[in-house]
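Multiple structures follow.
Each of the next two complexes has chain A plus one other chain: chain B in the first, chain C in the second.
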Partner chain A sequence: MLEVHGLHKKYGRKRPVLQGVSFTVPPNQLTCLIGLNGEGKSTILKSIMGLIPLDAGTIVVDGEMSRERIAFVPDLSTMPGYMTVGDAILYMEDFYPDWNQKTAEELMAFFKLLSTDKISDLSKGNKAKVNLLLGFSLDRPYLLLDEPLAGIDLFTKEQIAWIFSSHYMEGRGILMTTHEIAEVEHLIDRVVFLQDGKIIHEDDAEEMRELYGKSVQDRMREVFQR
Partner chain B sequence: MRKFIMLLNEELKRGAKFYLIALVGLVVLEFVSVIYEIKNYQSNVEEYMRVDRISQMEAIRLAGGPLNFGDATSYFQYIIAIAMMLILLLSFQVWYRDWFGESKYIYRLLMLPGKRTAILMSKLTAVFLTIASFIGIQWMVLLLSGSLFKWLTPEDLMESKRVFGENRIISMFYTFNIADTLIILLVSTLVVSFVFHIILIERSYRKPIAIMHVVIDVVLLIVPLVGLVYIFENTHFLYPDQITTFVIGYFLLYFVYVYWKSIRLLNHKISI
Partner chain C sequence: MEFDQRSPVYLQVIRWFKERIATGEFVGGQEIPSRRALAAELGINPNTAQKVYKEMEEQQLITTERNVPSRITTDPQVVERVRSELLSEAVAEFVTAVQAIQVPLDEVMSTVQNVYHTNERGELDA
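Our next item is the complex of A and B:
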């Protein structure tokens, strides 16, 4: 279980972005963190990964305060543009002891990426695919995905959505932020609604659909239009 | 250690283009400047002889005496200053390209398994190696320029006794004294570490707090050092050699402080 306890974050004199955010990401489930723009969804993911220092709060992963069991797929390219896809894979293989080369090769073939493709020459969709490949190829039980479907074409979205229902997800707890809820509605197990830096709802998606008789997207509309 | 070596390799690869362009540019500029100085001197002497109808000896006297190697390499000090500016630029570039470049490589760096110390050390070593290679190449260029000077300058226009004239910077490089070289490397490493430190402060705090941190660190460097040296000199509490040792010791101590604080910022404060 990935447990997030009492996250507080304030940027300068502005109003706090996070005000005691707490939630859990269970293994084997896809948890969707939902909120409007600027609500602090990306800040939460980056804080979990130690990319942004927190004012307060703790992250516990399976009882330990270690980030080495979490992989992060950000919404932008993190590999230098001069590298090829093959170089990026070699880089990851060199640095990460839990790198899974077999998964990397399978995903490269699935996404139709060539190892000679230069990262700076890739389209936005292909860069997103490389990001996913680098994240999913780490044998880590928790995966954070920041807007993996943003700004990419329909076919790429379908490919990425397929990954979410594939064996690559087995045994993993996923925390994802997205505005494209309709695309992944059927895959979501849990939803966490974030508003004004606080968690306002944390529900099981199936129970929520039964209880309110609404899809996650409609429920989101209802919650945020109040 | 393995992480450090791999990151250093990556840093060197990333900076290779900048390094090669800078190096070739500076070397070409230095050779061109030597040729220009020699030809310019020759044409001046010839001009004096032609216009004033005087002997070559008179013309040489009017041109400020025979040409020595120091005169022929007088532009080198400006080129060395350009090289120092480029090193300073490189010190900023090795960090900021990770934040503001085409890709956000800083995400990857900060997420790498293991300690973040290797990130700082790899960047510092990459700049240090650039400085060391610049010094080495400067020395080679000076040796080759010496041959070029002897080859291009007619013997009767050349001064062989005062090799460097007033050019102390060039004589320091040319003699390649190991102690001088070590001091240049030490001071350069300190300056680069301080620049890195400022960058890490800027990346960790909001502007007013960052400025406050930088001011405190500058005060910590200058005030005790200047104050104590002033007291030691006026009270004759220490011999000059001991004062020099004290200054070097203080710089080393400050380096340890800067390094410690930079690591702390990288581990706990840095923000992407």
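Our next item is the complex of A and C:
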């Protein structure tokens, strides 16, 4: 279980972005963090990874205060554009002891990426695929995905969403932010709603459908259009 | 597979199985895909696939023994139960729809017969 406790964050003199954010990411489930633009979803992911300093809050991973068991897929490529896909994979393999080369090769074939493809020449959709490949190829029990489907055409979105029904999900607790709910609605286990710097609801997607006949999008309208 | 976003995915997948069991497309004793393969094939979450199989075992639609693939039930009573369940559900939905527009039963019945036969002929021609 990845536990997020009481995150507080304020940028300069502005209104605080996070005002005591607490929620959990269970193992072996896909949890979706939903909030309107500017609510601080990316801030939460980055602060879980320790990439930005928090004013307060703790992250506990399977009972330990360590981030070594979490992988992060940012919304923009962090690999230098002059690298090829093959270079990026070699770099990761050198750098991370928990790199899984077999997964990397399988995903490269599935996404029809070539190791000679230069990252800066790739389309937005293919860059997103490279990002996912790099994240899923780390053998870590938790994975954070920041807007993996943003700005990508429908066909590519469907290819990317395939990964959520694949065996690469096994043994991973995933936290994802997305505005593209329609494409992944039937793939999500849990939904966490963020508003005004706090988590206001945590719902089980199948339960929401079974008990209330509501889709995740119905629930979003209820929560945000008040 | 296309999903109705307002009803549970696992129930939609179970229904997909029931329809195939009722029509005999899936025959008794036939092996079914592993949970992993089903998730990938239908594009569903692996946890949902797990729930589908567990629920289908409880409803005796499939049988699972250790270390071998699950199989479609060979029990004719279960198959008959599935058929009548699907029929009752479809009829209940239909009756609600025609009652909403207040059509008398005899007119409903004769229309049903006409449409049923027309569709059947259409299928033969096709």
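The rule is short, and it goes like this: the second predicted complex is superposed on the first by the 225 of 226 C-alpha atoms of A that agree within 3 Å, B and C clash if a C-alpha of one lies under 4 Å from a C-alpha of the other, contacts with A are read in each partner's own complex, and residues count from 1 in each chain.
We adopt the following convention: a residue touches a chain if its C-beta (ideal position, glycine included) is under 8 Å from a C-beta of that chain, and two chains touch if they have at least 3 such contacts.
For clarity, every value in this text was computed on a predicted model and none was experimentally measured.
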| item | value |
| --- | --- |
| Joint occupancy of chain A by chain B and chain C, clash or fit | fit |
| First, second, both or neither for A:D94, with chain B first and chain C second | first |
| Chain B versus chain C as contact partner of A:G63, first or second or both or neither | neither |
| First (chain B), second (chain C), both or neither touched by A:K46 | first |
| Which superposed partner A:G38 touches (first chain B, second chain C, both, neither) | neither |
| Touching partner for A:H186 - first (chain B), second (chain C), both, neither | second |
| Touching partner for A:M79 - first (chain B), second (chain C), both, neither | first |
| Which of chain B and chain C A:H167 touches, first, second, both or neither | second |
| Partner chain(s) touched by A:S120 [first = chain B, second = chain C, both, neither] | first |
| Where the C-alpha centre of chain A sits as vertex, the angle toward chain B and chain C in the overlay (nearest 10 degrees) | 160 |
| CA minimum distance (chain B, chain C), superposed complexes, angstrom | 28 |
| Touch list for chain A against partner chain C, complex | 28-30, 161-162, 164-167, 169-170, 182, 185-189, 206, 209-210, 213-218 |
| In the complex, chain A residues that touch chain B | 11-12, 46, 49-53, 68, 72, 74, 76-82, 91, 94-97, 119-120 |
| Touching residues on chain B, where the partner in the complex is chain A | 3, 6, 10, 13-14, 101-105, 107-108, 110-113, 204, 206, 268-272 |
| Contact set on chain C toward chain A in their complex | 3, 5-11, 36, 39-40, 42-48, 51 |
